[in-house]
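Pasting the structures here.
Two complexes come next, and they have one chain in common, subunit A, joined by subunit B in the first and subunit C in the second.
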Partner chain A sequence: MRQPQPYPQVRRPAGIVGRLEARLGESGILLLFLVPALLVVIGAQLYPLASSAILSFFDWSLSRSPTVGPFIGFDNYVRTFTDPIFANSVAFTVILAVCSTALQLVCGLGIAMLTVGESYTLRLVRTLLMLPMVVAPVAVGTIWRMILSARVGPLNQALASIGIDGPNWLGDPNWAVFSLIMIDAWEWTPFVAITLTAALTSLPSEVMRAASVDGAGRWTTFRYIVLPMIMPIFVLVAMFRTIEAFLTLDIVFTTTAGGPGYTTHTLSFWIYQQGLKYFNISYAAASSWVMLLFCVAIAGGFLLWRRRITAWQVSR
Partner chain B sequence: MSRGLGYMAESSAKAALIALALLVALAPFVVLFFNSLRPADEFLAQGAGLIPSRLTFEHYAEIFDPNGDTFRYVINSLIITTASTILAVLFGALASYALARLQLPFKLSIIIGILFLVIRFYPKITVALPYFLLMREFHLLDTHLAVIIAHVSMTVPFVVWMLLAFFEDFPRELEQSAMIDGCGPIRRFVLIVIPLMAPALAAAAVLTAFLSWNEFLMASTVAPNAAKTLPVRISGFITDKGILWGSMSAMSTVIVVPVALFALFTQRYLARGLTVGAVKG
Partner chain C sequence: MYPTTKRTKAATTMAVISTAAILLASSAMAAELNFSVMESGTYDKAAAEVAADFKAATGTDVQISAFPWAVLRQNNTTDLISGTNQYDVMSGGYYLSDVYSYFAPLDDYIAKDNYAQGMIPGLLSPGRSEFVGGKSIGIPYGVDAYGLIFNKDMFEKAGISPDFASWSDVAAACDKIIAANADVACFSHPTGSPEQIGGFFFSGYARTYVSKDGKYSLDVPAATAAAEEIAALWKYLPAKGTALTFDEAHQLFKDQKVAMTITYPSFITNSLDADDSPVKGHWGMAKFPGKGFPWLSLWQLFVPTATEDKDAAWAWIKAYAGPENAKRNLVEHNIGSVWSATYDDPELKAKNAHFWPALIAGFASAKNPPLSGEAQDLLTNTLQDIVNGRVSAADGIAAVESQWAAIPVPAAMLEAAAGSGLQEK
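And then the complex of A and B:
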């Protein structure tokens, strides 16, 4: 019997678990702990990812043949870059990602500054403001499709009651782009707000007090103290949101289904159509790899920006 | 700052802005709720107000018709969400514990950590097609398992990333004294780490449950019929003959209400799960 014994429950005679631990040793067991997660991730993410890279160099359409066709080099990529609908989807996706993210950052920062605090009311407000983000994006689409319905939707009826003839929100090409930006921003502003609220809460209170003692005004404090301090998190949130907006798929399905025409085809939606509707497997794979490289470029840009900001802050 | 007129003007402006934000965030849910109770003939009538002329449960009765499939979709969604959440949190906790405690050569644990991080950021559409082909190969198409594996593989990286941040602050002393008592990693994990990590695990579980319950792309890819989930079912209301506004509203309410309630009760965990990656990362 060894002394002392702070954990009586673990001092039972080592059973099968103890023998296993003795047999495999400390790092053996820990390596074993890694196995399930790695297995799932490799099997269901990395292997499909790699096989899509390989498929993108072959000619295969499931509607024409059940097995993979011949190797065709970069033909699928050439086809991707010369496809006007692909270019169109890239343009719309970029507009959506940029406008929606900008809107989310502005509104999210505003909401975070309005609702930061620990009172019961503010906590309740924050919880309620979170709702748009937690419901299924597919349902967000159906909800907005109802609200924006041109003839009988509540929005246009409300506008009509004050004498405005509301547009065909989802049917008109320009308004459809605008509507999708608004819907995406509505859904994800809460994410920005929550994260920035956490960032604001974690600001050291001494700094804020020192600023007010020094007679710094509201705007000066925000511009020269708060904003620089939350900037690294701000950039990270901007990156999350830009990339995720770039991948938008679900709400397109239930609002415009990519229409009218091809005006609201996001890249994901277009690739989904190519791959899972027309079964142009290898073409969709090539396009999706082009899209993946776009995402890597976006992430790389944001991370460089963030590094410069933090380096600049450290150097001060 | 004097609590004068300026202060009052400011706090009422603040209150007005908060009220506006609440209106914008919540009004769509009110519209949805009333529409789910609106008689079918009123949908196409112009001039119908926000509140239906009479309330009806016909759409709920319709989607929950005993001969219909809605019950099956609800059950499918429940099975898939529950299994994915349990597996993702279990696998993620094991892996992040191992990554935090292993002394791997060549910064291997950092590389594995980054690998998990990257998975969050590439387009899932790239994986969807080959995953569909893989499941076809294994004859798992249209099974719960196919969706569960997909959801676990998508959410495990979240869980690992989140829990790694928590392990940075995890007190090692407790584990060390258990180690001196001859306690190997399995018993330390079960008896010390899991109980102490419970809040973090709850946060991870809440986040995973939301992701799985709402997920559309993978579910629609590998489970178009028998294992269909609720989000996939909703999208089906649109391509059919026109749009079935009433049923679609009722179905959307069925999918929204549980998560909304769940979010209200788990708000603390959810907010923590969402922010830990960005704030600590």
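And then the complex of A and C:
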């Protein structure tokens, strides 16, 4: 009979690390090693956040003075909530976020279902599909502005060649909204597709085989097995894309410049204009905080939804 | 101690010599001046030509940083506000009003060289060029004013004279033009540049922009009427013509698909008179409609207070913007001369007789609105919403009026408004 072997002795590191570990314990020294990274995070993230929060309670326009003006309490926030252009920007941003994300999820899931697999062709297709995502958004906007030019753009020329009178994509307020949704969806659908392909690939094959043995059809398998299993990832992707849509600035800047009029002003575009064009720093800071809180609420909602789905999956 | 070999000694000697050479070279390097200008293929090209002559004459190397208009505006303001101080001389206009306080007064230089002598009368005055505290900060070098360019043949066919008192008159003429000329739209305009709609409003609205107590304010009924006029006119744009670029708008006129184009003349007149232009000899320019003012485009040179060698900056201003190169800049790059003598040149006068009278009349009456960037964007974006039917003229102008109340009028703009008669008395 084999005798149980004693656990090997853990060798404590010698020198300064050993002495520190003896004094602080393992957790303490791990925390110590994290300090440089934490300092970077504090410097690069928390400091600007705190600084902008403080600024939002002051009256400061860089064009009037290089130094911060007087404390004005919640005035900038009151102005934000009573500013009709801010309200208009929120409305358009919500429309863009909801429609574009929905389109991306539907198309992305469809593409993922069609391209899941490990054959050379499918891998090539997936690589090609990634291309819109890796083009700089400013370039995406510029290219689409040319494509969508109502009178001389190739899209309307192509439509005309088959007898369709193409619309005024960027000049008509309704079509401009549609165009931006379409451009955003075109750019980011590959992200959704790639992520969902990974989720589909990781599904346990035994479950699929069991469903097949039980006589489940493709739709039934998708509806009752695949979709519920990838739902947590699906919700996470939806959350990422919704929040990203709230931050849309570059394609708006390069295609419509927020127009016609105020039609396609997104929140980010409005904040950019206030902060970096008109230099109303404190008002831009207040608007940014409102947007941040809005995004946190959305992320919270999505995470809550994801938790309920996961709990439901466990209970089944 | 590391052992010293012959090789390390030689390397050390070389390093010392190289460092000394670099230091000597940098101290002996020509003086350098950084100049920001619009990348247009005109202003920047002219600057490159003048810079070569300038270097030969003074030894100063002018580094030209050219950017598209919106980028130039952003770079200039950011350079000043952030204290980067990269540019010694900047190109700009009244839209830099938010940062006027960062520019050096140039009165002493102007007086010393009697620089204003020979300039178009009134050009170096508040409301046209830029002033702070009564002191001149901007030196004009390129002038233009919104113009109405028309196709003579189409007007003749429609039996119309190009004398329009208002935009309503233009709209009335549009009906006749369309009826008389098949497959022709009435007019084109760079509608895709949202701020350009201001050109119609500033000429159609003949009241003030600043109240007695120094707040942005419109005469609401007059402004509403002006906005309604523009909305009515917008119906005569070409099909799908509400997001045209400058190039598209101009090409439509050249291709004789529109009877008029409303734009800055310097952007188009050279190409209309080019040998391959289908409208060469068939176009003219009319007096700009409306009882307000044609929108002035006056490119000026500014010297930031942080510029170290202001004498060199002034020397560059004189070389680039002075009368010596004015004719060349006009002929080769279509940069509107700010010097009266250019317009008295008999050769140029004869060549440009079909549009210079209207152009020069435009210069005489053209102004800038005393609006900060924020106030102007609010007005022009709202006008875009009005012409696109998103809001009525009455509601849109009322919204501008109420939101303008929260936008402070920069001190320089108050000065400009008072100087150009655009403040309520």
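Everything below uses one rule, namely that the second predicted complex is superposed on the first by the 281 of 316 C-alpha atoms of A that agree within 3 Å, B and C clash if a C-alpha of one lies under 4 Å from a C-alpha of the other, contacts with A are read in each partner's own complex, and residues count from 1 in each chain.
Operating definition for what follows: a contact is a pair of C-beta atoms (placed from the backbone, for glycine too) under 8 Å apart; a residue touches a chain by one contact, two chains touch by 3 or more.
What you see is a predicted model, and the numbers here were worked out from it, not measured in a lab.
Q: In the superposed arrangement, does A:Gly258 touch subunit B (first), subunit C (second), both or neither?
A: The answer is second: A:Gly258 touches subunit C but not subunit B.
Q: Check the residue A:Ala198 against both partner chains and state whether it touches subunit B (first), subunit C (second), both, or neither.
A: After superposing on A, A:Ala198 lies in contact with subunit B but is clear of subunit C.
Q: More residues of subunit A in touch with subunit C or with subunit B?
A: B
Q: Who does A:Thr127 touch here: subunit B (first), subunit C (second), both, or neither?
A: Touch partner of A:Thr127: subunit B, not subunit C.
Q: By the touch definition at the top of the document, which applies to A:Glu26: first (subunit B), second (subunit C), both, or neither?
A: first
Q: Go through the superposed model and pick first if A:Arg79 touches only subunit B, second if only subunit C, both, or neither.
A: second
Q: If we overlay the two complexes on their shared chain A, which of subunit B and subunit C does A:Ile143 touch? Say first, second, both or neither.
A: first
Q: Touch test for A:Pro154: subunit B only (first), subunit C only (second), both, or neither?
A: Only subunit B is touched by A:Pro154; subunit C is not.
Q: Looking at the overlay, does A:Thr220 come into contact with subunit B only (first), subunit C only (second), both, or neither?
A: Neither partner.
Q: Using the superposition on chain A described above, determine whether A:Gly171 touches subunit B (first), subunit C (second), both, or neither.
A: second
Q: Indicate the residue numbers of subunit A shared between its subunit B interface and its subunit C interface, in ascending order.
A: Residues common to the subunit A contacts of subunit C and of subunit B are 151-152, 257, 276, listed in rising order.
Q: Spell out the residues on subunit B that touch subunit A in their complex, using ranges where they run on.
A: These residues of subunit B touch subunit A: 14, 17-18, 21-22, 24-26, 28-29, 31-32, 35, 43-50, 87, 90-92, 94-95, 97-99, 101-103, 112, 115-116, 119, 121-134, 149-150, 152-154, 156-157, 160, 177-178, 181-187, 189, 191, 210, 213-214, 216-217, 220-221, 230-232, 234-235, 237-239, 243, 245, 248-249, 252, 255-256, 259-260, 262-264, 267, 270-271, 274-275, 278-279, 281.
Q: Would you tell me which residues of subunit C are touching subunit A in their complex?
A: Contacts found on subunit C: 74, 77-78, 81, 98-99, 191-192, 194, 238, 240-245, 248, 372-374, 377-378, 381-386, 388-390, 399, 403, 406, 408, 410.
Q: For the complex, give me every residue of subunit A touching subunit C.
A: That would be residues 61-64, 66, 79, 83-85, 149-152, 156, 167-168, 170-173, 257-263, 273, 276-280 of subunit A.
Q: In the complex, go through subunit A and note every residue touching subunit B.
A: Going through subunit A, the ones touching subunit B are 2, 5-7, 9-11, 14, 17-18, 20-22, 26-27, 29-31, 33-34, 36-38, 40-41, 43-45, 47-49, 51-52, 55, 110-111, 114-115, 123, 125-132, 134-139, 142-147, 151-152, 154, 157, 186, 190-191, 194-195, 198-199, 202, 233, 236-237, 240, 243, 247, 249-250, 253-254, 257, 267-268, 271-272, 275-276, 281, 284-285, 288-289, 291-292, 295-296, 299.
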